[in-house]
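First up is the structure itself, then whatever we jot down about it.
Chain lettering (A, B, C and D) follows the sequence in which the chains are written, and residue indices restart at 1 in each chain.
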């Protein structure tokens, strides 16, 4: 039996209470404090989690000698400041999605954690659901073959957010999941974003992301705040099999279809395309049983294990950064009428000096 | 009781037999001949339709004194030649989708028909299904309010076509339907196409079309040959209500949701966006009963009525042309890595006076 | 603003905590104590509900001067004893389903409450869900016309109960719902029960109830512990419209079909059946929006209002008794190989003297 | 290549044309004539099937020297007479369901065929669908283990038949399927039927059949003409796996659930039930791919093969008789208020020696 690690949750708004409840009941963690500028709000969360300490000043919290880690659930623009302070105080950090409000700041957080040998984990909760863990496992073991396309739809009648558009609000879920299940992560060649603001809300309420991948594959994401029907579906097409994840069908969330198109190219006179022979497989469908486990609990365990094993977590800062880079490229593409926009890969190196000035 | 019109079907391949069967049983038409270079193929169709005349040369067919119209179901690249010959012979023409293989040829067909006062009809069969007719009616009477977005998905394990990509194969259905139901037709500001060819088939097998519409609205089409699950769904969001058409659910094809987001912009200090107040309607859902009627039969009637009433048909050459222009723009966008591509609007305008002065 | 009433929950097993949580958060109630022989179990529930008093002896609880009511969530065979004691102490009583383990005891409880002018309420939780409240409202206002048939299916992979069969475990839900929505309650002419025990569990694991109603109508219930798919569906056919309630479809729980069969009987030579003319209505489908409200909260309010208004609650002891009578008749029918078995209506009168001896 | 057999279809009403079309296109058969008292009706069918001979008198048909078999699709009450005449003329016979209008007549037909060594086949079309053939195969190879229960639902807004009730109209489908897939056929211990006639149609429009099977298992059938939703679902629970057949879901007709309840009885003090330990399996779901094949074509082939191989067909007269016996018992049960009613098992036994000594 290992010793429990001590953690505090920073931010007692919408998501913080969920983190607090899970760290409180985790066998790996002692929840020791809730920190929020609004002391009353923090107190309400503390009451539900065994009456832990309430702190209203971050500096007071970080001065605690007993704290191993903090989990940050505050608005995105404050992530960088809080995470940097916690890392400086020698604490491991988990950050709610998105990792930061800009790529520059996100990269700075990743670098700071790396320099100190601390774990920086992105709170990509969906990745720890039994369904997504199973998808990753299936792709890893080759059950789907090479990935040909990923099509993700996440639409619902949703709250129009005051500060972010539908891409920044919903797409982090899809992007972090695709990043998690694709071997090597989600690394699109470019990003094209198409948005619509038909109500005049001043931001996209309907959004589409096209993400061409190496080898002719493609990922696509449809997010929408204006749909009266709720759809949460991801199709992952592979050369061997194709998987459909319908998150709203608890009786059969995952379906693996042994169906597909096989294309045999025969090299005639210099590999002519016209010689292609198409054949179809119409095989069985298989739906793996999934264990019942709350994602947040699994995420809390992963955070503890990563710290103990001194390894990056499965959804580490780099993963958070990849998602962030795509969101930023999407915003640039949107401003460019959907033009194919490169990721800021070059800048990653270039802006290191810049970033360090930021502190 | 009006006299029946005489028609011949040109092309006895995949689609021709369906046209032949419907004209044969239509109260408005006498099917008088089947024309195909392959006489044997034509004969098989003729046998199933009361043993009508078999013709293997188009010139022989067009020399018939008794023919009022022809329905063309041959490969797209032959549409222009056959239609032009038929129009020159004074016959009304129905053409399988797409109207032609290029916009130039399509426009020439439209112009030629207009010059002669003949009906040129696009065989947009889906538009004559009870579901689509009902959608058009609902939008026309204002039941949905202003249209905010249209999202159409048409995916299935499909035959990889030897001559066309997935856009030209499947999207004509979606585009012709959207064109039919939107007041004024589908007139996107630009076209962005993103395609994937992950199997190396030499053409897109997965495709996405983003079509920004006036007033911030957007239409989007997802077509896919590689999906093991079949989805045929269109969501049409309006300011008043939102409609979902699930063509694979015969028990409830259309659902009209009285749900939506209302945005009230209050002008404070110069119409600040931040003053927007969002409210939700979570009203009833309503699914109109649809009559059971075969689309092809309704289309045959419409063709006859348009001829008798000397009016354009509900899916006239102009509609076919709008679909064709979007497909051509999509191909150009695809070549430009998804760049927002204008329609050949200038050319349409330039052509129009010519066309209009003639009908 | 009315004064809150004081209540204690008796029984801290599976269901008690749910009751406790809802009375604790209800604007109508003060939860003042949790009573269970197992003090530790009671303490755990008390901790989650504001640290209310823990009592291990029923007599201590009932001696409290401040208690207005008790909610009983103990095994069925103890319901009578506890309820009788509470009624004698002048308290209103809510009892978990089934009302009692035998009809005799149930009737005695009803009588005792009536004698003292106290509210005896059956905890038929499902009746307070938005869906069931809406169904009752629709039937009441005549939207369905006369009820022709009710078909209820409640199947799932379920725990084989040690003490009761699948009828007593699951059917109380269906029966209490049907009783709630039918005007005048569920009053079948007879009860036929067919059960199967294919695993040799010593009790029915698969069960069917046929309940002929007046005027040729019928209710039927299918309950099943062995089904790998979960179905919770009720179809209520009426002369005007038919309603389908699919409780596992949160996006469209209720569908009202304006479809049906009309039979016009024309009296020829003495009302010959052969002269019947059948016609069909194939009208629209309509799905009413339902408010989001937790059933237990609504039930707690109803209990309080019934006490304040000195009226029977909407699921009063009589309703509990009707359900109990059907369950008992079902057990007798089962023993008689499914023979149509009358309810114990006669005995209701007959056993009054007997019942009084019981006390 | 075997020689084709010659067949005529008797009855050109609703079902006859389907039989005619399939025998016409079958590689095993020559359709040589259509026989119907209504010559015009027969002529219309003959025209669609290559212009075969039209006969209006059965005696003329049976006098044909070239006829190997007849397929009878006339009203049930005429089956016996026509089949007997055809058998006497030395022809093999296929009969539309139900085999006859009474068990006595059905048994006489079976006996007559056996005496002459002729094939008497019941037209249980559903049994030849790919789904049902697969179910039979799965049960045969033990994939489901021992069968615990079968629950079949076939409900829809249906035509109220003038001559038969909903049991005789719809249940033959369910019963013949269950008979086909259960090893040894469907041999219930008793039959209980519950029907409702809420419209006063003079016959049951809603019906339930409870069929206890050996070893505590049970089959149950729900048929209904008054349901606005269409359901065609059969659940077959086994000790190893459970199968769900949803005939209205073409994308996943069959689902095999590796889920179930295991009951381990431990013999303590004489095999006490209380020592039962229940455990659950929550394994994967599997949906076998099904070939696309029309059932009527497969049935036509089976009829030919049975004749050639001089063996009973897979849905022979005995199978038709078992279905008929259950329907007759159902009618008797209905008259007895749902009392458990024995089959005419004694009579079957009594008849059997007669039948057996002849084939």
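Throughout what follows, a contact is a pair of C-beta atoms (placed from the backbone, for glycine too) under 8 Å apart; a residue touches a chain by one contact, two chains touch by 3 or more.
The chain list, named the UniProt way, goes like this: A, B, C, D = Gfo/Idh/MocA family oxidoreductase.
From a predicted model like this one, the values you see are computed outputs, not experimental measurements.
Greatest centre-to-centre distance from chain C is found for B, with centres as Cα means. With rounding to the nearest 5, the Cα superposition of chain A on chain D corresponds to a rotation angle of 180 degrees.
Legend: contact pairs of B-C compared by residue number with A-D, A-B or C-D; the interface matching in over half of them is A-D. Centre-to-centre spacing of chain A and chain D amounts to 54 Å, using the average Cα coordinate of each chain. Distance between chain C and chain D, defined via averaged C-alpha coordinates, is recorded as 40 Å. Distance between chain centres (mean CA atoms), chain A to chain C: 45 Å.
Shared interface positions of chain D, defined as residues touching 2 or more other chains, are 229, 255, 259, 282.
By the touch criterion given at the top, residues 146, 148-149, 151, 155, 157, 159-160, 162, 190, 192, 194-202, 205-206, 208, 210, 212, 215-218, 220, 222, 224-229, 235, 237, 239, 242, 244, 255, 257, 259-261, 263, 265, 273-274, 276, 278, 280, 282, 337-340 of chain A touch chain B in their complex. Partner chain B is touched in their complex by these residues of chain D: 229-230, 251.
If you check the complex, the residues on chain C that touch chain B are 252, 255, 258-259, 282-289.
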